[in-house]
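The following block contains the structure, expressed as structure tokens.
Order of writing sets the chain letters: A, B and C. Residues in each chain are counted from 1.
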Amino acid sequence: MNTKHLKRMLAMLFAFTLMAAACGGSDDASSEADEATEESSETGGDESGALSMAIVAPSASEDLAFTQSMIESIEALERDVELQVTDGTFVVEDAAAAIRGYAEEGVEVIVAHGTQFGASLAEIAPEFPETTFIWGTSTDTQGLPNVFAYYPAADQGGYVNGVLAAGVSESGSIGVIGPVEAGDAVAYVNGFAAGAEANGATVNIAYTGSFSDVALMAEAAQAFLANGNDVLTGSSQAVVGAVGVSREAGIPWFGTQANQSSLDPAGVVASQVYHWEVVLEEMLALRDGGTLGGEAYEINLANGGLVIEINPDYPGAADLQATVDETVAAIVDGSITTGG
Amino acid sequence: MTADAPSTTSDSMARSDAPPLLEMRGITKRFPGVIANQDVSFDVRAGEVHTLLGENGAGKSTLMKIVFGLYQQDEGDVLLRGQPIDVSSPSEAIAARIGMVHQHFMLVPTLTVAENVALGIRSERGPLTDLDAVSDRIRELSNSHGLSVDPDVEVWRLSVGERQRVEILKALYRDAELLVLDEPTAVLTPQEVDDLFVILRRMTDEGRGLIFISHKLHEVMALSDRITVLRNGRVTGQTVPSETTREQLAEMMVGREVKLVPDKPAVTTGEPRLAVQNLSVQGDRGAIALHDVSLEILAGEILGVAGVSGNGQRELAEAVAGLRKPEPGASISIDGTDVSLLNTKARRDRGLSYVPEERMKDGAIAEFSVSENLLLVNHDGDDFTRSGLFDFGKIKEHCQALVNRYAVKTPSIETPTSSLSGGNIQKVIMARELTSGPAVLVASQPTRGVDIGSAEYIHEQLVAQRSNGTATLLISEDLDEVLGLSDRIAVMFEGRVVRIVDAADATREGIGLLMAGVTDSAPAG
Amino acid sequence: MSDFFTASILVATIASGIRLATPYLFASLGETIGQKSGVLNLGVDGVMLLSAFFGYWTVLERDNLWLAVAVSLVVGLVMGLIYATITVFFHATQGISGIGIFLFGLGFSELMFRRQVGTPLPVDKLPKIEIPLLADIPWLGEALFQHNPLTYAAFLAVPVVVFMLNKTTFGMNVRAVGENPQAADSLGVSVARTRFIAIVIGNTFAGLAGAALVLELGIFQQNLTNGLGFIAVALVYFGAWRPVGVMTGSLLYGLVAATVLQWKAQGIIPRGASDIASMAPAVLTILALILLANRVPAPAALTRPFARH
């Protein structure tokens, strides 16, 4: 009887260790981020002046896309920030728990980086009126006084990418891979299509139905290749497999959300990069003045929140830069509308 | 050789000086809080059937699991052919040429007969199976022992009797010298039992030793060379059939005198209280399981239903109780009123009581206390409620009285029913169902898995109801029970009542033939 | 699209479906072996993530694809040893401990990825091998015989597993302990050993599934499997615990997914219906489950730990 009891305890202990190891994954990661910011705050001056911030994001910090763009933007802020990170919370309930946890901990500014966290935020934000929540991508704050919203005019950069793509395509057929038909992915896809079609290309669009299915995006790229498309682009963190297919086929790729040149140094032509720090600075300035939220911000080509980064290793990069500058200027002055 | 082991029995069968095939000396096995075997000595010689007789929980199975290596004894020695052995797993037992036919068949239904036989045996072809050779050997063994079965068919397709033969083939294939048969007749018809006994006799003629575990006294008397009786983990007697009677065996099992057949006073029967006409019912799988059954039971009469399990008895009981919808055209009447369209409660209001076969599933709620289970069927009557609320004082009084009257052994009426023994749970159900003095009582397997003492008491209660004018439909797989209690016996086969005979004229053999569907030759009586 | 392209598109779609099906096939074949022995493993997805990561990391560090396959296989094997130990010897509840394995695989693969790699870097993929002669068959050759070696291995594994389950003593023991372990035990078949080996083999297949996934994509990312392992478990039910059935299910799932993608790429599926069409593989699989699963009972001892008495 005793040995049976012992065995059961051992089994429970083992299961517990497994669980702890699983949870430990994200704990360790955020402490790593802590270390990084602590180091910078040491050089930055007195500890007490640092603003405590936290981010809850659905994919990995180094996803070369959505989440990475926000992490890099926060790190680019010109003030002392003590940042805590909970990433990879593709389950909304887990994200909501993390958001609430940070709020209870007394973190001053919490970034809820995902449209899908809106409903959770509508419940949590009113309970912590002293805390500022920054939520996106969204064009409105759901009427919450302590919520700032942010949104990329992804159609603008998409349009520029589309113009460039039409220029490099020989067949005139371009494939666009989207995740789910929602949020900034749709804006990017529509802007890209408008830009490419305005320059004589045919654009084919496929949404895989998932933000995270890498294999399906790769096969979507294959499907476009089979149909004679010779330039590809795509949105979401799951494009990494599709970029691989594009690289293998030796055709150009256009990135968005973050600079994706590292995935295919020879094939990535340009990436639309999100620089959230432009609007984050404005939000934090308002907070300094006592306004905890209530505004929605857009990043766009005009305010410098969207930047088209040409891959310098791509042949003819210099010529492309001229096209970019010209198109951006036209979008900013309103002579081109991007359909967003 | 430790040849001269002192014989502990008064038997006359000692044939030679050879040591017994198996000898167990002073075996004690304890479980937390229970002594399962205490100082048990037991031996089997080559060529004999030695029966282990005892009630559930008497320690028979524990003793045999020690032989087969599933348990280790705490004290005592096991000797095989005179040599002390220490069997610690079934594979060691098999290697020592010990075989066991378990009470619940140890067969894999999705595997073929040959695969079931071959399991655990090293294949001639290394990692690959050698089923053709196994099948050939099975056919040889089948022919030499009268065990006909197709080795290449999956076990789930076989009848119960055939499955039993596969179990015996498994032991023969391993050339078991000592074979333990744990209640092997529980699921067989009387004819199948006779066939089995012929096969077993052939095996002892070959010099094998058999241990036969049973609580069916007439089978024990028919088959055994020697009998050892266990009660509460101890040996209470060893004897041979020629020197004992069934009554004496029962007394050794229970520890006091037992009436195996209750005294039935003469009763003047009255009007029909239950009348069933043209009753057909679907089984669980949708096919018709009960075909066009008609019967009548008079006031003061017990109609016993004999049959091998699964021939429509359960469907009959549930249709009468209102748990199963009859096909159109049937009528079920209680005291002349057709109740076939009424629900269970309405039937109960007209005097129906029901003791179901699955007592823990359908008869009682395990988590409820004894008193709650006693109240289950008449809780909304006026007797125990005051303005819609329970009158707990009255309830307690009523339940305590029932517990006393029906001799339910329970620490209190608030004890959870699940902690009672099978016999006592059945007494709780009987108390609940009989207290109203029912017009019609349907009793399914009322004593299955119940100790002999409780069974005796339950039988007395059924006879008492009969004297009070109740019409009883008694369904049982225990042919002795049916023969002992019934006034008339209906025999069922494949969903039909093949014949109804007067109990006074019925014989075990005649009923057995009818149970197997043989109607042409047998004049049942 | 003009008619001229139809045949080549069909070929591309079939090839795509086969590529998609490969990890499902490996994973569900492995799960079949485990379930046949009576052990449910819900941790397949976690094992795949671990083996995918370590396979990826191996290519990144050592630039050796075959070493990567070997590493993935060993990772599966080791996870099998762990899962077999907790379920067989500690009689842990299979559903919960499988989820534990999944969470461990999800978390640990992510942690290792962050620590050791950080940003996704592309690596070489397994090369496509053209089967001599067969690959030259018009259309069919291109669809069926120009795949990477793990894809061939997955489909060749089907008859191997059939043979193992039906013609070997071990396979017979597996079927017996999954159906009636008491009976097997009473004949001296070691239930623990049989289940232990079956689980280890099953998880090794999950390891190969992870390798097949990551070495086809040439890149790793957190939660790369995206629940693939759980669908593989469902496919075992769809396939009625038969290797050929499981293969049919995997192919159905992969081909439907590839067809839907192809139709989207060609604009045949209007964009408004895109999200609904994305559900087609899962919906068809569930429909098949409903239509077929009731007729075939699961191994009777599935999820039941075995202990004597």
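The criterion applied here is as follows: a contact is a pair of C-beta atoms (placed from the backbone, for glycine too) under 8 Å apart; a residue touches a chain by one contact, two chains touch by 3 or more.
Predicted model only: the values in this text are computed from it and were never measured.
A.B. asks: Look at the interfaces B-C and A-C and say which one is made up of more C-beta pairs in contact.
C.D. replies: Higher C-beta contact count between the two pairs: A-C.
A.B. asks: Of the chains present, which has its C-alpha mean closest to the combined C-alpha mean?
C.D. replies: C
A.B. asks: Can you give the whole-Å distance between the Cα centres of chain A and chain B?
C.D. replies: So the centroids are 71 Å from each other.
A.B. asks: Take the average of all CA coordinates in chain B, do the same for chain C, and state the distance between these two points in whole angstrom.
C.D. replies: Once rounded, the distance between the two centres reads 48 Å.
A.B. asks: If you average the CA atoms of chain A and of chain C, how many Å lie between those two points?
C.D. replies: 31
A.B. asks: Which of the residues in chain C end up touching chain B in this complex?
C.D. replies: Going by the criterion above, the answer is residues 167-173, 175-176, 179-180, 182-189, 300, 308-309.
A.B. asks: Within the complex, which stretch of chain C touches chain A?
C.D. replies: Residue list for chain C touching chain A: 1, 5, 8-9, 12-13, 16, 19-20, 23, 86, 89-92, 96-97, 100-101, 103-104, 106-108, 110-111, 113-114, 118-122, 125, 213, 216-219, 221-224, 226, 228, 257-258, 261-262, 264-267, 271, 274-275, 277-279.
A.B. asks: Mind listing the chain B positions that touch chain C in their complex?
C.D. replies: Going by the criterion above, the answer is residues 65, 68, 70-71, 89-91, 94-95, 100, 102, 105-111, 115-116, 118-123, 127-129, 170.
A.B. asks: Report the residues of chain A in contact with chain C in the complex, numbered from low to high.
C.D. replies: Residues 7-8, 10-11, 14-15, 18-19, 21-26, 28-29, 32, 59-64, 88, 90, 175, 180-181, 204-210, 212-216, 218-220, 222-224, 226-229, 237-238, 240-241, 243-244, 247-248, 262-264 of chain A touch chain C in their complex.
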